[in-house]
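See structure below.
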Amino acid sequence: MHKYASPKFFYALAGQLTPWLGGLTAILLIVGIYLGLFIAPADYQQGESYRIMFVHVPAAWMSMFIYMMMAGAGAIALVWNIKLAEIFSSVCAPVGASFTFLALVTGSLWGKPMWGTWWAWDARLTSELILFFLYIGYMALQASIDDPRRAARATAILALVGVVNIPVIHFSVEWWNTLHQPASVSKIGTPSIHPSMLAPLLLMIFAFSVYFFTVALIRMRNEILERERHTSWVAQVLESKT
Amino acid sequence: MPPLLNAIGCIFRRDITVALRRSTDILTPIIFFLIVVSLFPLGLGPEPAALRSIAPGVIWVAALLATMLSLNRLFANDHADGTLEQLLLSPHPLTVLVLTKIAAHWALTGLPLVLISPLLAIQMHLPPQAIGTLVLSLLLGTPVLSLLGAVGAALTLGLRGGGVLVSLLVLPLYTPVLIFGAGAVTGVIADIDIEAQFSLLGAFLALALTFAPWATAAALRVSIE
Amino acid sequence: MNWTQFFAMGGYGFYVWSSYGLAAVILILNLYLPLHRRKTVRRLLREFVRLKRSSQPGSE
Amino acid sequence: MLDVTNLECVRGDRPLFSRLSFRLKPGELLHIVGKNGSGKTTLLRTLCGLTHAVTGEIRWQGLAIHELGDEYRRQLSYVGHSNGIQGELTPEENLRTASCLSKKPNASFIKDTLQRLGLAAYRSFPAKVLSQGQKRRLALARLVIQKKSLWILDEPLSALDVDSVDLMSELLTDHLDQNGLIVLTSHQKVDVAKKKINQLQLD
Amino acid sequence: MKTRHKRLAIIIAGVAGLTIAGLLVLNAFRNNLVFFYSPTEVLAGKVAVNKTFRIGGMVEKGSVRRSGDGLKVDFVVTDLNKRMPIHYEGVLPDLFREGQGIVAQGRLQADNTFTASEVLAKHDEKYMPPEAAQALKGGAYAAGKEAKKP
C-alpha cells in the first residue's frame, strides 16, 4: 500500500494510465453523442431542445460528484496525512468549477425555450449557482495561501464544511423554490425517462467521469513534479524524457 | 470551580472587556446594519406595502452583511499580538475555548442586531405580529452566522485580502439561514403556520454548534502553523 | 433526415448547439491547460535542477 | 526530560534542518544559535507542537508530545516573537488571562511578579502604552506566573536593557535551580551562573 | 480530565447535537413543511383552520367557469379521490389548463370551499418520445405523478 501511495510510483503509474483513460473518454464521448444526437428520438413535449440534457445533466452530476471527491480526499489527507490525497483534493476544484459553470449555462440555455426565460430561480439552478460560489470560495482560498501544505489543509477543512452544508443548502433552496416558483413543483416521484434517452445520458455521465479522472491525473502529475522538485527522482524524470 | 470553566469564564470576560474598550469595533456593524436597511426605502420609494413585502429579506441580508463585517474582530487582533498562540498552547480543549470566543462575539454583534431589529421592523412597516417573529428568527439565526463565520475567519487568518475572502467563503454557507429566517417572517405576514421554519433554524443552530467549533479549531491550527 | 434539418434541431438549434459548443470548449480547455502547464513546469524545473547542481557541486 | 530524535523541518518547500537530535535534562538550558533563516523559530514552534515536523520525534518524559497533548501543554510556557500581550488590557489583566488558561489566577502573586519585573507603576494602564522593552518584560512575567517546568523562549533578550538582561538571567537561574528546563534562542550570550548550558548550532 | 474522557465528552456532545438537529428537522416535516395538501387531506381535517395553506391537485375536466370580465374563476381541484371547489379572482398563469396540476394558496371557507389568493401551475418534467406519451395518456400518467428532471 505504501508503495502505491508514494508520489514517485504514482507519477509513473499515472503517466501510463492517462493515455488509456483518455482513449476511453474519447470512445465514450463519441458513442454517447452519436446516440444522443442521432439515435434518440425527440421529446414529446420539448422537441429537440431536450438534447441539451445530454451535456447538462452529466455536468451537473459531475459538479456534485467532484465536490464530494474533493472533500473526501481532503478528509483523508487531514486525518491520515497522505500526500497523494492532498494533491488529488487540490486539483479537483478548477475542473469541478468549470463543470458547474457548464451546468449553469446549459441549464440557462435549456430554460430559455422551456420556461421562456434565460434564468429562473429554479431549485436545481439555484443550488447549482450556490455550489459554483462554494467552488469559487474554495479556489480563492487556495490561491491566497502560498504554502501548498497549508493551502491543502485549509481548503480541506473548507471543503468538509461545504460538504456538510451542501445537502442543507440543497434542501433549503428546494423548499424555498417550491414556495416562490410557479413553474415547477416536484413532489415525491420517480423520474420517468425512456430507455432510448437514458442510454446516451448514462453514457455521457460515464464519459464525463472518466474524463475527469484523466484530467485529474494530468494535473496531479504537474503538482507532484512541483512539490517534489528537491528530490533526485524528479531530476531523473526531467532528464529522461524531453 | 474546575479549571476548564474558569478558563471559559476568563476568556469570555476578556473578549467582552477588550471589545468594550474598542467600542467603535462593536458599533460599526450595528450602525452599518441600520444604514443599509434605511437605504432601501430611499432606493425603492416609501410605499408601505412594497416595503413590507421586501422587509424580511432586506433585514436578514443586512444582518448577514453586518455579521460579515465584524468577523475580522474574532481572531485577527489576537493573531497579530500573539495571544492566539497562547490560546493554542493552553491545556484545555481548543474547541471549547473557540466556542467561548464565538459566544463572546455573538454577544457583542448578533445580540445587538437582534435588539435593534424591532426599530427597523417599524421603519419598514412590518405588522406588529411579524416583529416578534423577526426578533425570534434573528435570535436563532445570528448565532449560526457567528459560528459559520468563525470557520471562515479562522481559515483566512493572516491572508492577504482576508476581509473580502472571508465573504466569498462564508456567504454561500449562509443561504439556508437566510432562506428560513426571512421565510419565517414572510410566512407570518402571509398568515402561514411557521413552526417548521423555527424548527429548521433550531436544527441549523444545533448542527452549527456541533461542527463549527471543531472546524474552527482545526482551521486555527492550520493557520497558526 | 437531412443535415439542415439536423442542425436546425427543430428550431432549437441555437440553444442546443451553443450548449454542445460550450461543453466542447470546456472539455478541451480543461485538457489543454494542464498539458500546457506541464511543459512550463518541466522547463522551469529543469532550470531549477541545473541551478541547484551548479550552486552545490557534488551533492545529490 | 525532553528528547528530540532525528527531527526534520521544512518551511514551505525549503528544507530547514534534518537529522537533528538532542536531549535536555531537568536543570539544563539549551541555547540554540544560528543565522537568520536557519530555522530557529521553526524549531521552537515545533517543540511547542504549534508546527509539525516532517519526520522525527519529540518526547516529553518518554512520551511523544502529540500523544500527550494537553498533558504536555500543561507543563509548557512559550514566549514567541510577538509578546502575546493584548494592548487594551492592563498588565495585570494580561497576566490574569495568561494564568487562567491553565489554572486559577492568584492576584497577590501577580502583583508581586509585576513588582519584581519593575512594572508595578503601570498596573492600571492599558498595555499598549508600554515600551517595547516593558512589553517584553511583561511577556516574561507570564513565565513566572504560569509556573510551568519547560520554558521555550524565542529571543527573550531582544529589546531588553542591561538591567533587564540581568533580571532575565536571574529568572533563568531560578528556574534551572528548581529543576526546570529551558530552550531558548538568542544572539546574545546567555549568562546563567554556574549552570550547564548546551549549545546547538543550526545552519 | 483524561484524554479518553475528553474523547467521550466530544462524542457525546456531537451525538447530542446531531440528535437535536434531527428531531427538529423531523418536527419541521411533521408540521407544515409539505409544499401543499391534497383535497383528501384537507377534507380529513389535517389543516389548521384560519391559516393560509396550499392545496394541490389536478384541475377537473370541464369544471372551469369564468364569470364576468374573466377575472373571477371557479374550478374544482381533485386528487382522483376527493374534490375541492376553488374560487379565485385574478390572472391565471399561462400553463393553467384543465387536466393539468396546479397549486393554489389561500384559505378554507366555512362551506368547505377554498378561496385562493394565488394559483400556481405545475409543469411536467417527463422525457419520452411522442408515441410513448400518446400510449401513456389516460392511465398512470393522468394520476398526476410528478417527475423530477433527472
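For reference, chains read A, B, C, D and E in written order, and residue numbers begin at 1 within each chain.
Here is the rule we use: a contact is a pair of C-beta atoms (placed from the backbone, for glycine too) under 8 Å apart; a residue touches a chain by one contact, two chains touch by 3 or more.
These numbers were taken from a predicted model, which means no experiment stands behind them.
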| item | value |
| --- | --- |
| Path length in steps (a step moves to a chain that is touched) from subunit B to subunit D | 1 |
Pieces of the assembly after leaving out subunit A, positions unchanged: B, D, E | C
| item | value |
| --- | --- |
| Most remote chain, CA-based centroid, reference being subunit A | D |
| Most distant chain from subunit C, judged by the mean position of its C-alpha atoms | D |
| Interchain centroid distance [CA atoms averaged], subunit C/subunit E, Å | 47 |
| Whole-Å gap separating subunit B and subunit C, where each centre is the average of the chain's CA atoms | 42 |
| CA centroid of subunit D to CA centroid of subunit E, Å | 66 |
| For subunit A paired with subunit B, centre-to-centre distance based on mean C-alpha positions, whole Å | 32 |
| Multi-chain contact residues (two or more partners), subunit B | 93, 200, 204, 207, 211, 225 |
| Touching two or more other chains - residue numbers and ranges from subunit A | 42, 175, 179, 229 |
| Of all residues in subunit D, the ones touching two or more other chains | 70-71 |
| Sites on subunit B touched by subunit D in the complex | 1, 3, 6-7, 9-11, 14, 17-18, 21-22, 77-78, 80-83, 85-93, 224-225 |
| In the complex, subunit D residues that touch subunit B | 45, 48-52, 70-71, 73-74, 76, 78, 80-89, 93, 96-98, 100-105, 126 |
| Subunit C-facing residues of subunit A, complex | 33, 37, 42, 47-49, 51-52, 55-56, 59, 94-95, 98-99, 101-102, 105-106, 109-110, 112-113, 211, 214-215, 218-219, 221-222, 225-226, 229, 232, 234-235, 238 |
| Subunit C residues within the subunit A interface of the complex | 6, 9-12, 15-16, 18-20, 22-23, 26-27, 29-31, 34-35, 37-38, 41-42, 45-46, 48-49, 60 |
| Subunit B-touching residues of subunit E, taken from the complex the two chains share | 1, 6, 10, 13-14, 17-18, 20-22, 24-25, 27-29, 31-33, 48, 51-53 |
